[in-house]
């Protein structure tokens, strides 16, 4: 299922490069760091971001698109897309980028679609907003897109409403709306969570196939390392707002260097008796972590240094970067 | 109704809109049979409510005030009273009397006015268009100010527009409608001289256009009579404004609160993430989804308006069924008030029923379930 | 098989009913946030109602025709009406009239509506259906028309006015109490109380009704606001409080015909009083609601 890792042909310019990004949730009483200075970059066509809930995966996606909820903002760092700094761009510029250069599909597709508009209308509207083509042309393109995503009888189905689609089918519609303008980057935020296993595989196939066909890069966010393994070329491991490891998917999974990644990989395969080896402990609350390694409370290799100093990413092997004091 | 409805609605639950709609979809994607049972049940309870109202009115006439005394007063001798009672059928058992009463209602006999000696049904029919005109105008004015204000309040909750709207709602619900009417008359007629005198639908000097619908504005348009049209619109403005200020605030509250919830939902987030301009998101995506509950509420407000014009009609001498009821009461003429009660209650129950059923149809998720 | 004797000690402990005194203590702790301007306004009205005889400079029902329709001045703060009566004094005295009618009417509504709602919610079935239908019926008839009909049936007096206020508000309390009682009907602690031998009525009074205290008190205030509007409106139409009696609505009516001649004070001041009183009750009611909803 995995094609040859294809490097994005943008000369030396990476399509997406995030540097030391810090995101803070600000209330009247306190401010809590949700992302503590993450670095990630797109070197291959398909990058996965894996982490438990609360690791900051969705915050990262929101930050890229400039859609952080009120009360949450970026305090430091940079997000460069095709060489262009996204942070600080005015809303009008961001609106042009969203849907046209960078698109996103979310977890629950049926609720991500307008219940009172036909799916064809919704896709066509995205197309028209960014390209200004006529209604007829936009509709034609929408139907074509739906067909290419594997929706049978697309011309008629385009007139149907979101509630008439099953979860997997609705996700195809959402992907259609995301890809209709040919963006360079598709972000998929837990696109298959909550779907049946067989449907999951189908949707993942649709995603990988359609980004390959349209030439878009993929940023796949998931808590499921199995999904990441099946769909991506490189992976970023996030824990409590900090990047623990970055590298080629195969390399990281076959020989993980960071103790957290090792725990994740171990949990991937059940033991002989069928039990799953969970990582003991729980993800700490963001307020409780200051300048330290966030995994310190659960790490088997923890030392005193881990509790007071944030580890930085180091390239321990060619192409594999790890943040840990003790490897 | 205003205050309680307002207070109960202003406090809406925090259930996420997406979840609610999802549950809604799942519960309504039912086979056709279950759906028609629902419709039948609603029709049934409407019928029961209507019957209940007739029973109530019947009780009022026959038990609480001896109708014979109403007719003769205290001047009759016992023999006269007895014979009258017998000839009018008041000595029959109550339930028999009720059914004959129900029968006469069905035949359109709503009693007779003791003042004009005309059938009440005819007098009500003659005056109803004026009330209808007033209610429609109040509704149009009301929607014009409540819905945009509701949308702008939801776009920036806590902002200046929102605070003004909340203030308007609080005042609109609290202010006595008849007092507001008088204030408007004072400021706009007496002081600023831009509104006409509160003496009914038209200037005394202008003749009404030929009666086609009974709604003077419409009749004037049909007849091409611009003077009458202008005058009737001018006279319509103040009472309609008064009514809209005092009965439409719940629509503003509902629009605002529903829209806030809608703006928090998943599909709005996804639409924004695809680069749709906020203009489209607010006025096409969000507003469309807000309109479902709002139109239901608007319909119910309209039904309520048709029976709630008593005070405003009195202040502005508006010749509708409200004024008719009051004037008759002041003349101790009781059949008219009962007729008006029956009509208004019937309208309210039917409008409520229609709004409920229409809400089912408007939603495409339900349309397809059949 | 021999029936086992229930060992009372083994039953799950009865959840203590919501203690009204506990809630009051909590309220006292939050008093700074809770008691805002609306309470002050209402308090002022209550003070005025009680002290009207002392505060009013003139006799509210003594006509003084030579001094009719005087504009507001230092002698007559609110001016005089068509009979020469001082409007300021009448507005003060009318506070008594309107407030007592409203309070008594709503109290009656509570006395009738709450028990019926409790019965409706607890018993369910036919009784519930019948009572719900009945209250829906009353609410289907537009308010003022309904009131006029009651006056037609029972005559024109302030007693009937109080009755109308009560009749119109009772269904609201019925529905409210029912909505509190209904979900608790199957609760565990109710079952435990029944097992402990309490009769249904004891269960309802001791364990269920205290939960209704908060919503009922909030609704009480809102219904009082509603009641004042009803009272003023009906008196404006000439039903309820007879003419020389000071009452805000009838005062507005007296002044209504003078508005078009520019003599605004006869209607404006009593109307302001109605507006502020209704705002006060409404604000307090919403405040109470916010307190119990959190």
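Should a chain be cited, it is by its letter among A, B and C, assigned in written order, with residues numbered from 1 in that chain.
Here is the rule we use: a contact is a pair of C-beta atoms (placed from the backbone, for glycine too) under 8 Å apart; a residue touches a chain by one contact, two chains touch by 3 or more.
Remember, it's a predicted structure, so these values are computed and weren't measured experimentally.
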item	value
Chain-level touch network, classified as line, ring, star, complete or other	line
More contacts between chains, A-B or B-C	B-C
Chain A and chain C, separation of their C-alpha mean positions in angstrom	57
Whole-Å gap between the CA centroids of chain B and chain C	24
For chain A paired with chain B, centre-to-centre distance based on mean C-alpha positions, whole Å	52
Contacting residues of chain C [partner chain B, same complex]	133-134, 136-146, 148-154, 172, 219, 222-223, 225-226, 229, 232-233, 236-239, 249, 252, 255-256, 259-262, 264, 267-268, 271, 274-275, 278-279, 282-283, 285-286, 289, 293
Residues of chain A touching chain B in the complex	65, 67, 95-100, 103-104, 106, 108, 110-117, 125-126, 129-130, 161, 163-164, 174, 177-178
For the chain B and chain C complex, residues of the former touching the latter	1-4, 7, 10-11, 45, 48-49, 52-53, 56-57, 60-61, 64-65, 170-171, 173-179, 182-183, 185-186, 189-191, 197-198, 304, 306-308, 310-311, 314-315, 322, 325-326, 329-330, 334, 337-338, 340-341, 344-345, 348-349, 352
Contact set on chain B toward chain A in their complex	18, 21-22, 25, 29, 265-267, 269-277, 280, 285, 288-289, 363-365, 368
